[in-house]
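Provided herewith is a single structure, encoded as structure tokens, for subsequent inquiry.
Chain naming follows the written order as A, B and C, and within any one chain the residues start at number 1.
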Amino acid sequence: VTAPGVLTLLTDFGPGSVYVGQMHATFACLAPDVRVVDLAHDVPFGGVEAAAYVLARSWRRFPPGSVHVVVVDPGVGSDRDLLAVRRDGHAFVGPDNGVLAPVLDGALARRVENRGWMAEQVSDTFHGRDVLAPVAARLATGADWTHVGPPAEPTPSDLGPVVLEDGVEGRVILEDRFGNLVTNIPGALAEDVRRRTGSIRVRAGRGVVPGLFRTFSDVPDGEPLAYVGSGENLEIAVHRGSAAALLGVGAGASVLLEPGRR
Amino acid sequence: VTAPGVLTLLTDFGPGSVYVGQMHATFACLAPDVRVVDLAHDVPFGGVEAAAYVLARSWRRFPPGSVHVVVVDPGVGSDRDLLAVRRDGHAFVGPDNGVLAPVLDGALARRVENRGWMAEQVSDTFHGRDVLAPVAARLATGADWTHVGPPAEPTPSDLGPVVLEDGVEGRVILEDRFGNLVTNIPGALAEDVRRRTGSIRVRAGRGVVPGLFRTFSDVPDGEPLAYVGSGENLEIAVHRGSAAALLGVGAGASVLLEPGRR
Amino acid sequence: VTAPGVLTLLTDFGPGSVYVGQMHATFACLAPDVRVVDLAHDVPFGGVEAAAYVLARSWRRFPPGSVHVVVVDPGVGSDRDLLAVRRDGHAFVGPDNGVLAPVLDGALARRVENRGWMAEQVSDTFHGRDVLAPVAARLATGADWTHVGPPAEPTPSDLGPVVLEDGVEGRVILEDRFGNLVTNIPGALAEDVRRRTGSIRVRAGRGVVPGLFRTFSDVPDGEPLAYVGSGENLEIAVHRGSAAALLGVGAGASVLLEPGRR
């Protein structure tokens, strides 16, 4: 199957928001034959790191030719740039605030400046609708992307964890509806620490969580576990429960991966 | 580009609700080639004014030929009428309770009465699914709209603010996920007061908010501001914060626009 | 109209979740011409009974040829089976934990075991994305369903209420955004009790609710009522209010249907 590219939409607007609906309106007008997928709308308000993670773990799942629109933009209306990025047959548009960091490696980037590709009236508080959506629709329908604006040097951004001598210091970047906590620690790094030190545990909030397990049912009901999640980062969960509630933490909280008791 | 019309859906069902899913089922059966856009599902329960505002600020963004379904219907099952409205190439269906007020000016309206266009069984509590969705699907696929029912006289509805001698008395009609407060005061009216009085401020809840600013970053982090929002009404926000939390108010709260200190 | 089948998605992931978005990504790759409908994403975490109810009341509303994906799967990664079911021209995939119970009667069932139909890498915590979505996409695009795996004997599951001598003992299975409470008592059963005993009332939480009424406006504002809902089960609501708040109960709570005062 060679599926056609789609438009994806990743925002912190909250599901069911009219802000999402109005972006779909633009897509319906300018890219009526392109499928639109709501990638996620529940990342935390201004959650640049969470959005970057979601994008990193999702974009390759879509068909080549897809255009990914990211609107987590607390600096809207300030002088931050808007970027258009091309990489491996996919295109990306979003603010230059770190949300596109995971796709910048080896990518081409341009500043979004072509006034003729934007809405006739551009509001000062909703560039997602008035700039990013029409630009993305044009990219998704075959417009020449070099017309979007001049080449850009995106602002560098380091969202990774800190690797210590025998552990890793990271952060919770996402809390899902189940109270599962997704950290910024790549699963491969956690597996590496375990290989070197024999076993690992994770300190987070008011708890110390054993790991690495394979899946929820590897521990009794109500018990916490650390595991490599479906997004390939280290996650903390409680079997049929909420890690966020048990540990008393959420997005932004510190997480310390360390060797288990020896 | 001449994009085909779409079906839009605006409800107070909450995102992810099966009520939304079942309306999409009807569209999938009766209008399989028409794109469906979820305009918004997070307006407050029974929020007629909020839905009217969302509709007013959104319908012209969709392609001509679109059919807009509004289901904010606390009186479902009582003797309120259901309306079908035509205006400027768009069609609208919804209860006669004020949600369609913004599109009635110069519009044609009919009562929805054609039993043959409705579901075989019409429940007493979900006319959105059993009446409005099938009627909208028929309108979106080219049925003759005069068959929907006899001409109607919609109930008049005044949702506007009260213009005072040197200010405006309005209300918060929507609180978004960020805690931004959308008022029922048109931005043009606020700009008018400023032009006449030199400067303005807005009283809401436990605060007095300076205005008019252009965008969030025009004030320091954590500070409130009044501005003309992306929906063209007066809004109140806090830069990287929540106006709803700072001021202690939400949808329905009184707002007083007055001259600034002179 | 003979509408083509669609893919429907019913989960407890919460609306706006990236888990939903990633399942849509698989559909966009493997079934690019098939419409996708989000049936519901707000059923309670692990709410097998709620999901079964939503499925039971919704699947026949979609066109024949549709494939329904149900991901309410608290046992993901354990040894529970995944099932593919065919009935009356529709197909269903989901875990063998009761969510598919309403469609098993007279249906053909197979275990999902064809590794070649799954994602290349199958995570231990997200079979919805890595197994059910690609299998559903294949079924929706005409693959021979006997290739999904060997015939299965689904685990029996009884989610019904208990019929007493002069009443019915049931449970709340869903609380909607309005605070309406959907019970597991079929409306026909409630009507039956009323026919035999003259009148009925419903005990739930801290209240006794009169019934059966036709619709919300049959009682004064703020008053509770029992009625047969749009899903054909007994429901409890408050006219322009929240039954969940008034009665202090939610999903899982006991409900006793009994004769009214005589």
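Definition applied: contacts are C-beta pairs under 8 Å (C-beta built on N, C-alpha and C of every residue); 3 or more make two chains touch, one makes a residue touch a chain.
Not measured: the values here are computed from a predicted model.
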item: Overall pattern in which the protein chains touch one another (line/ring/star/complete/other); value: complete
item: Chain copies touching (subunit A, subunit C) - same or different residues, decided at half shared; value: different
item: Subunit B on subunit C, rotation in degrees - Cα superposition, rounded to nearest 5; value: 120
item: CA centroid of subunit A to CA centroid of subunit C, Å; value: 30
item: Residue numbers of subunit C (touch at least two other chains); value: 14-16
item: In the complex with subunit B, residue positions of subunit C that touch it; value: 1, 3-4, 6, 8, 10, 14-16, 35, 37-42, 54, 57-58, 61-63, 66, 176-178, 214-218, 227, 229-230, 240
item: In the complex with subunit B, residue positions of subunit A that touch it; value: 12-22, 24-26, 28-30, 32, 45-46, 74-78, 123-126, 129-130
